Amino acid sequence: MRELKLMKGNEAIAEAAIRCGVDGYFGYPITPQSEIMETLMAEKPWETTGMVVLQAESEVASINMLYGGAGCGKRVMTSSSSPGVSLMQEGITYLAGAELPCVVVNVVRGGPGLGTIQPAQSDYFQSVKGGGHGDYKLIVLAPNSVQEMADFVELAFDLAFKYKNPALILSDGVIGQMMEKVELKEYTPRWTNEEIEKISPWATTGKGAHRGRNVITSLELEASEQEKVNHRLQAKYKEIEKNEVRCEKFMCDDADYLLVAYGSSARICQKSVELARENGIKVGLLRPITLFPYPVNEINALADQVKGILSVEMSAGQMVEDVRLAVNGKVKVEHFGRYGGAIPSPGEVVEALKQKIIGG
Amino acid sequence: MAEVLNDIIKPENQIYGKSEVLTDNVLHYCPGCSHGVVHKLIAEVIEEMGIQEQTIGVAPVGCSVLAYNYLEIDWQEAAHGRAPALATAIKRLRPDRFVFSYQGDGDLAAIGTAETIHACNRGENIVMVFINNGIYGMTGGQMAPTTLEGMKAATCPYGRDVSRDGHPIKITELLAQLPGTGYVTRQAVHTPAAVRKTKKALRKAFENQKLNKGTQLIEVVSTCSSGWKLTPVQANKWMEENMFAFYPLGDLKDE
Amino acid sequence: MKEEIIIAGFGGQGVLSMGKILAYSGVMQDMEVTWMPSYGPEMRGGTANVTVILSDQRISSPVLHEFDTAIILNQQSLDKFEKEVKPGGTLIYDSNGITRHPERTDINIYRVDAAEETARMQSAKTFNMIVLGAYLKVRPVVKMENVLKGLKKSLPERHHHLIPLNEKAILRGSEIIREVSLVE
């Protein structure tokens, strides 16, 4: 029998983490995502699956705990919200540089600075363009429902280990705080230490007699060698772009106009599509599920069909740059957003579409 | 000559050998530097305890950033100051392993102060080896949190001015106050006797980890001939006269 | 069937848990549901509100700016949400502490004096269940059996002995609600 529960997005992340065999969670409280650690601490998974849950002294510490745990081949994750994720950027670039798989959840709130605790999508650049130093990419998943919050934990770990790369679940206060029905998966046991030796032979598990020592590092003082490291990383990112694009199309088949939106904005835009169609405007919605890799080809193909595209985000206009790159000048692309914690209404989106694209 | 040598080089005549846990890589440290000695001692302790296959080291940022080149064990290289956070997770996820961090004064007592204090306060069951030479060696001799008052460095060329720079921090004394720390000691490696004592302290720290006795902190007051602009012999003498006066050797805590 | 509801009042009135029980009742009736709260410091004694959507179909936006029904439990919320009720929609309010009563003439307005009733019943904790009962009387979107199931699901086990009391409060709410529509 399937187990249906009504839970918050944040709670779903925690439940899914326990169920998919995560080894360790390290975090620091910040609104609007504190329910993730609160749920884990209340569930006491160390008594059932053996999962370690630790409240660190800061986001700086928690992301570096991920480095330590991931370096041992363990499935480790953290979660935070925008200001905390800014603090993690150092650790994230080291994780990317050392090619360590792990999962970071950002339940985004409005910025800049301390900003607001209300939902926003203004961390897009930080997430997909590399928020820390150096040439690196994260695998970025954007859930738009509580069910996807649960499902993407396992997906993020699968992708992170497949490519030895940190994966980010880019959510926001709406998805984190709202409750919906969610179907939870059966428990998957955590990997044993013996399984980890096979799955991740590079991990620092203690230098066995059968192998040389393993060293996890992002340091290479020799420029020519460091360039090789970068070549390898770039080749990996190309591979990810080739294999892992995920997106969802809603009423695109006959669309004259296209909305592009991810996460909670995509939910709002779905309603906008319905409203617009009630008024006789044929609008479709493309929802990127992966923000890196971005659905470039899918958007480019739709640009041949539609007369104009509106990128809708709870930001001042970040993802719109990627939409424009994908469209490559074929049709008009404009941005509409509310930001700083404000949420656009479905009606506002339709108005913006009329003004900026249809009338413009 | 070769015949004479072959006559001498026999196992039964050997009185000193390189630890199996040390690699054959040539150390990048300056002449007179204490790092090499401490590396050797850790290698010997690991070998003698037979824990080479169970030990995971965490290297810092600083002169010993490349420590992982010299000990034949699994290593992780941390971001600056974050070694205690890495070690925390490694030990919690692999409690069956011996875990130690190796950190300099900038790493442990400046940029990583929060990670250091909280790892110790949680009583993470790890060994922290703390090399305190009162200067930033790798970046070219700048002031460290442990630079003595009046001591010259690249960023305090006229000497540390405590009204501007604050006082040198006795972090080991501070950490000894925390209930999470078990064995806290300050040692040096400037004489054969001191080397033997430091090795004993390291051995005790690793043994204590086996007994889950909380965070074990071994500070080694060290020289930096290059940063101090002294010969190795002068540096040892300067350390004895100045560093030991402010950072006295001995056990601070043994619980 | 789709019902888009805002429930708004003071923190501590049980606004969020009432929404949760309603949402769980929807789950028990095999409906799609979303529950989207206001969150943050304003919950500590300030105003709190929650948007609940019950639908037979997949729900698009969990965030709304107009509602089929508004359940209003203080003046600030009345000022904010009266105008966001769809024409022909429903507004239910508790008159306790209300100085400016609802004025719209294009919606159905009901009054439930739940605060007064809890004082009479000497059971302040059933306040939100009286309001829920009142709401279900005029908008029977979920069956009572599913409400009871939802109640059981959303209350922790240690509070299950309170279910009969809550059931009584729901019933009482359905009895005391009265229409004050200004519809011409």
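Order of writing sets the chain letters: A, B and C. Residues in each chain are counted from 1.
Note that in this section a contact is a pair of C-beta atoms (placed from the backbone, for glycine too) under 8 Å apart; a residue touches a chain by one contact, two chains touch by 3 or more.
Everything quoted here is computed from the prediction, not taken from an experiment.
When the interfaces A-B and A-C are ranked by how many C-beta pairs touch across them, A-B comes first. Chain centres here are C-alpha means, and the one lying farthest from chain B is C. Remark: the per-chain Cα centre closest to the mean position of all protein Cα atoms belongs to A.
Chain B and chain C have CA centres that are 64 Å apart.
Taking each chain's centre as the average of its CA atoms, chain A and chain B sit 39 Å apart.
Taking the mean of the C-alpha atoms as each chain's centre, chain A and chain C sit 34 Å apart.
Chain C contributes residues 20, 23-24, 27, 32-37, 39-41, 59-65, 153-154 to its touches with chain A in the complex. By the touch rule above, chain A contacts chain C in their complex via residues 4, 6, 31-32, 117-118, 173-174, 177-181, 264, 267-268, 270-271, 274, 343, 345-347. Residues 52-56, 58-59, 65-66, 68, 72-79, 82, 85-90, 92-94, 96-97, 114-115, 117-118 of chain B are the ones touching chain A in the complex. Put simply, chain A touches chain B in their complex at residues 23-24, 26, 52, 54, 56-58, 60-62, 64-69, 71-72, 74, 76, 90-91, 94, 98, 193, 204-209, 213-219.
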